[in-house]
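Chain nomenclature is as follows: A, B, C, D and E, assigned in order of appearance, with residue numbering initiated at 1 for each chain independently.
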Amino acid sequence: MIEASTDALLPSPGSRVRPVRDPFHGDLLEVSMGPHHPSTHGVFRMVATLDGETIVRLKPVFGYLHRNHEKLGESTTYLASMPYTDRLDYLCSMTNNWAYALAVERLIGQPVPERAEYVRVILAELTRLLNHTCLAGFLLQDCGASGTPLMYAFREREKILDLFESLSGSRMMCNYQRFGGCRVDPGAHWLAAASRVTEGYGRFLDEFEALLTGNEIMMARTQGVGPLSAKLAVAAGVTGPMLRAAGVAYDIRKVDGYGIYPRFNFRVPLGEHGDTYDRYMLRILEMRESIPILRQALAEIPAGPIMDPKARLRGLRPKAGESYGRIEGPKGEIGFYLVSDGTPNPYRYRVRPPSLINLTILEDLCLGRTIADAVIILGSVDIVLGEVDR
Amino acid sequence: MSTLQACLLLSSLLFSIGLAVAIARSSAILVLMGIELMLNAASMNFIAFWRFGPNPEAATGVLFALFAIAVAAAEAAVGLALVIALYRHQRTIRLQEATRLKG
Amino acid sequence: MNAVLAAIALLILASAGIALTLRNIVRSVILLVVTWFGIAAFYLWAGAEFVAFAQVLVYGGAVSMVVLFAVLLVRHGKAGVAETPAPSGRIVSALLAGGAIAGALAGAVALTPLAPAAGPAPFAPVRHIGVLLLNTHAASLLAAGAILTVALLGGVVLAAGGGPEKEDGP
Amino acid sequence: MPHAEPWLERAPLLLRDAVNALLPAPARWWVDSFLDIAVLLGVFGLLFAFLTLAERKVLGRIQNRPGPNRAGWGGVLQPFADGIKMLTKEDIVPRLADPILHFAAPVALVAFSLMSFAVIPYGRHLLALDMDSGVLYFFAAGASSELAVFMAGWSGRNKYSLLAAMRALAQLISYELPLLLSFVPVVMISGSLSPSAIVTAQGGWHLGFIPRWNVLTPWGFAGFAIFMVASLAESNRSPFDLPEAESELIAGHLTEYSGFKYALFFMAEYFGMCALGGMAVTLFLGGWQAPCAFLGFIPSYAWFGAKLLALLLGFIWIRATLPRLRIDQLTRFAWKFLVPLALVNLVTVGFWHLSASWSRGFDPLRWAIAIALVVIPFVAMGRRLSAGLGPRTYRFAAQ
Amino acid sequence: MLGTGLIKGLMVTAKNLAGSFHDPERLVTTEYPEQRTVLPQNYRNFPFLVTENAEDPMGTLRCVACQICEKECPPQCIYIEKSKDKKADAAGKMQIYPAVFDIDISVCMSCQICVEVCPFDAIKMDQVFEIATADRFTGLLLDRGQLSKPNSYFHQIHPTDAAEVDGRLAAERKAAAEKAKAAAAAAAAKAAASTASAPSPVKAPPPVSAPPPATAVPAIPPPVSPPPPPSPPPQP
């Protein structure tokens, strides 16, 4: 309607309203959602073509937050890239750090002391709790829940961020892992605090689920919305909870058994329908599985050095070669691929960002759904634009 | 001129405007609106006669106006459904172009 | 009293007249809604409270919504909100027909000897109307109900018949 | 207790009489009307101001944060600070907008929502306009307000606004019917469309202590529930706030509004909420009647105010908790659930009316049948509505 | 039944509404300018340069302008120019010092890498965060004077780290002093031997005197608290 009227009444060439002619659907409405839109989780943009409220075409546009991350990684030393990995997925800096440290450790053959491995597991699982909590809050916010679940999620997230802050000095940009260990030793105080947070988390999850998981509106909004088939998920390289929600048992903690994960006894929940509700519930279930891991790690952590005494902080000159370090990040497989040519800077520095790769199937999930569904599907994909655009 | 005559004059003018709308406009929706206006003008007459008529206790004028409103609502619903069906089939609601009855 | 009537008449005729000339359908429709409100005011002035509110409820609340919905649904292409004008011949004939009818009716009204205005405004309480509806006019009420039901069903069938989109409801 | 009314109850009457005594007879009608309007505007204007504050405070408390608390003691001056901010902001009208409709929409919306205050009986002697068909007037005024929402959405020439306008229309068409059907039982029982008569019909007590409010009967409770749900939808409150669904449509029909026009929309939303709440109190909660006989010394308008505030708190509470429906679910909920339920409720009230003469012995049976007539369709239709939805169990990968 | 989930959710919010009035767990807001959270010791934000002597902040910088941090800084926000001359450092040794030491705080991302790579414990992380300024350019470009803060400040914000650093530095200096003393003694012995072998005292070198260590580190306060011993791991 707008396009017709602008044609006739308001000859404004600067108008950004463009009609879309489609012989099969009549004239459609093209809506540019983003880059500044309340629910695109940052500066993401979806160019949605609507027939009524139904999406017939959806083009994700990203790159508004591109920062040259990989090129920067190739022009600085190995150590200097570490703080930059914090800024990839700024909710999960600890796991980003770990994946990068793992890649470099593999490149230079650096062992990691036992205590550091335990600390890494503790931090990774705390990060998983943090990320999934945020996701659940944001997803329910996208469903229109007036911020209440989001505030509850942030209330709990705050406790984990406080832990991170007292350990690494920064709440989100932790820059904590080093090649061959971790930077600071968590004292007994910190471990006790982490234990308290872990024990309180189950209660929070119960309350959070009572708030909205059984809610009829929430179920009506999410069940059967945006189902992702296992075939498409595997073909598109989707990883993480999204893949497992589609029913594919693939968890790098089990597959690779990196670090000391084989010592832990935990289950990998699987979804059946692959819809938005499954994606949401998978995260809740994973959080519930993370709690026993944390409990075990906090109980078993040995004394000892946190850094390998022979580890070198600077002046790394790895022998020519390549390595790939990947871990199961909260959003999926986060990996770093490094090629060394013997100089202090990596020859090639490449990130495998789970957010970006999970996002590539957005249009497949949204076609035929309404614009309101697209918002929650995007919310359930769990992206952070810092990682998508890099 | 008595008040009743003024009322009747008003309703006849409204009726004429409705007629003009129905004839002059090319959009099917507006044609329907014109017909609605004519119906309304008729209802106004009922009310006017009830108000100034000899036997207001029977309230026949009021009841007639009520029925007219109900039937007009039904007419609007069916008419607009027709417009939408027309648009579905022929991609236009201009009456000059909607010359085929076949869908 | 007559000043109020004059104001109401001005509102009704002006809004309807302007609606006749506007090219923008949405504006036309909204002006026609104003006309309907004016007619409701006329009913109120005449003392038919119940009819006035029914008029607002049905026209202002329901018919206008359906009309606007229809305008938005058929908004694309040539049938956009800016209506292409009808051929000038039709406009002339419309004005002629409207003018002729208006003249004839006005003449008739002016020339017919009508009984002078009755006394104070009659009052039709809701209870009275209800009793009348269910006693004397029960058959008409049933007929109106049947017409409405059939119209509703017909409307749904017509609007939902063609394609995947529906006017409203399931 | 009309013979022994406390002076507080009669205070508004006394005030009016005092004013009237000073005036010549011809001016009294005008002054009275003006007084009514001024009092309504003043009271509800202030209520609006503090309701925004209360909403933000309650929402904050529910979300574990204190809410606005900087302007004045505990934040009491916040509404006025907001008002000053709104008034001094730039009023932006998009270049492509339809300027007339863009201006008219907020004005019409506020006007319509104010009109509905005229017929609500706020107290035994507090009623601006005692109209024979007052309830009909109320809903006529309310139904028109959605027209203004459409105007707002359409005039902005913004695609989000346009989608919001479509949604507003669909929502109105869907929820007007259950809203109207839900109060028909009350009209059937009390035999009047006049709000004051409906309130009077709810006076007195069953067994001496259970108030004879409509909500305390099976059909009344069902009607009240349907009325509240439909009025949530009518006033565009969460979980039916689709026209201004922030996460999809940015601000819906308000996207292109700023400054004072935006404030007017806000005001109209709260006015509409107050009016619908007031009507719900009148129709179902016994209006200004006190819940117990011995509490009759508290003036009736205080009871009305307390009930209204409780309902408004309920609105806020619901908003703080529930997510939003999708537009097709919204219309389906209205047509497949609320409308049939309201129709069944008509049957229930018919039964209730016909069985009114049953002797004491059959009274429990009457209640049981009426309750069954309400509950069974609710459960059955609720099950059909939520077919295929439900909690799921999840499997775990083999170790 | 339809609605049970809704009611459950409403109960949760009601519980939170009530809880926010008496349960500190449910009202977590800190009203910032009036209330302040206690920053953890490890909290870091923007680096500063440590000076040994609070009275002479510029004269006793630990920094010797080795430029390692400048090289390692990921966003390259440090700019150092070496001095042409040498000045005595806190230990009295003649050192090159930074003639210019600028950090662009608007670029710095507080990653702490400069601190980790500094071999002289000369740059440490600060805990300031209220540094907003309207001046976009010079206001955020801190120079040597603005960056230098006394060691006592370091003790104040990071007591554990500071104590450890001071202990290490004292040990190093002691070792250095002993070495110097030993070297001096050796030299003296050698000199004595050479005098003994070559009895011509005319060309004897002047006696080398190492500065006494006690006066070398006058600004170091005693450690506030010893670093906590490595905690025994909690055993199951």
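The rule is short, and it goes like this: a contact is a pair of C-beta atoms (placed from the backbone, for glycine too) under 8 Å apart; a residue touches a chain by one contact, two chains touch by 3 or more.
Everything numeric in this text was worked out from a predicted model, so none of it was measured.
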Message = Treat touching chains as neighbours: how many steps, at the fewest, connect chain B to chain D?
response = 2
Task = Just list the two chains that share the greatest number of C-beta contact pairs.
result = B-C
Ask   = If every chain is reduced to the average of its C-alpha atoms, which one ends up farthest from chain B?
value = E
Query = Distance-wise, how many Å sit between the C-alpha centres of chain A and chain E, to the nearest whole number?
reply = 35
Ask   = Using CA atom averages as chain centres, what separation in Å is found between chain A and chain B?
value = 61
Ask   = Using the average of all C-alpha atoms in each chain as its centre, how far is it in Å between chain D and chain E?
value = 64
Query = Using CA atom averages as chain centres, what separation in Å is found between chain B and chain C?
reply = 5
Remark   = Going by residue number, chain B touches two or more other chains at 91
Ask   = Mind pulling the chain E residues that touch 2 or more other chains?
value = 2-3, 6, 9, 12-13, 16, 28
Ask   = Where in chain C do residues touch two or more other chains at once?
value = 24, 50, 54, 62, 66, 69, 72, 76-78
Task = Using the touch definition up top, name the residues of chain A that touch chain E in the complex.
result = 76-77, 79-84, 86, 115, 148, 152, 155, 158, 162, 165-170, 173, 175, 183-185, 187-188, 191, 207, 210-212, 214-219, 298-303, 313-314
Request  = Spell out the part of chain A that touches chain D in their complex, as residue ranges.
outcome  = 1-2, 5-6, 10, 12, 15, 17, 29, 31, 37-39, 50, 52-53, 140-148, 151-152, 155, 211-221, 223-224, 244, 249, 251, 254, 267-273, 277-278, 281-282, 285, 370-373, 375
Note = In their shared complex, chain E is touched by residues of chain D numbered 58, 61-66, 69, 317-318, 320-322, 378-379, 382-383, 385-386
Key: Complex interface listing, chain C residues touching chain B   = 1-2, 5, 8-9, 12-13, 16-17, 19-20, 25, 28-29, 32, 35-36, 39, 42-43, 46-48, 50-51, 54-55, 58-59, 62-63, 66-67, 69-71, 73-74, 76-79, 83-87, 90-91, 93-95, 97-99, 101-102, 105-106, 109-110, 114-118, 121-122, 124, 128-129, 132-133, 137, 140, 144, 147-148, 150-152, 154-159, 161-163, 167
Request  = Please give the residue numbers of chain D that touch chain A in the complex, ascending.
outcome  = 59, 62-65, 95-96, 157, 159-160, 162-163, 166, 238-239, 241, 245-250, 319-329, 386, 388-392, 394-399
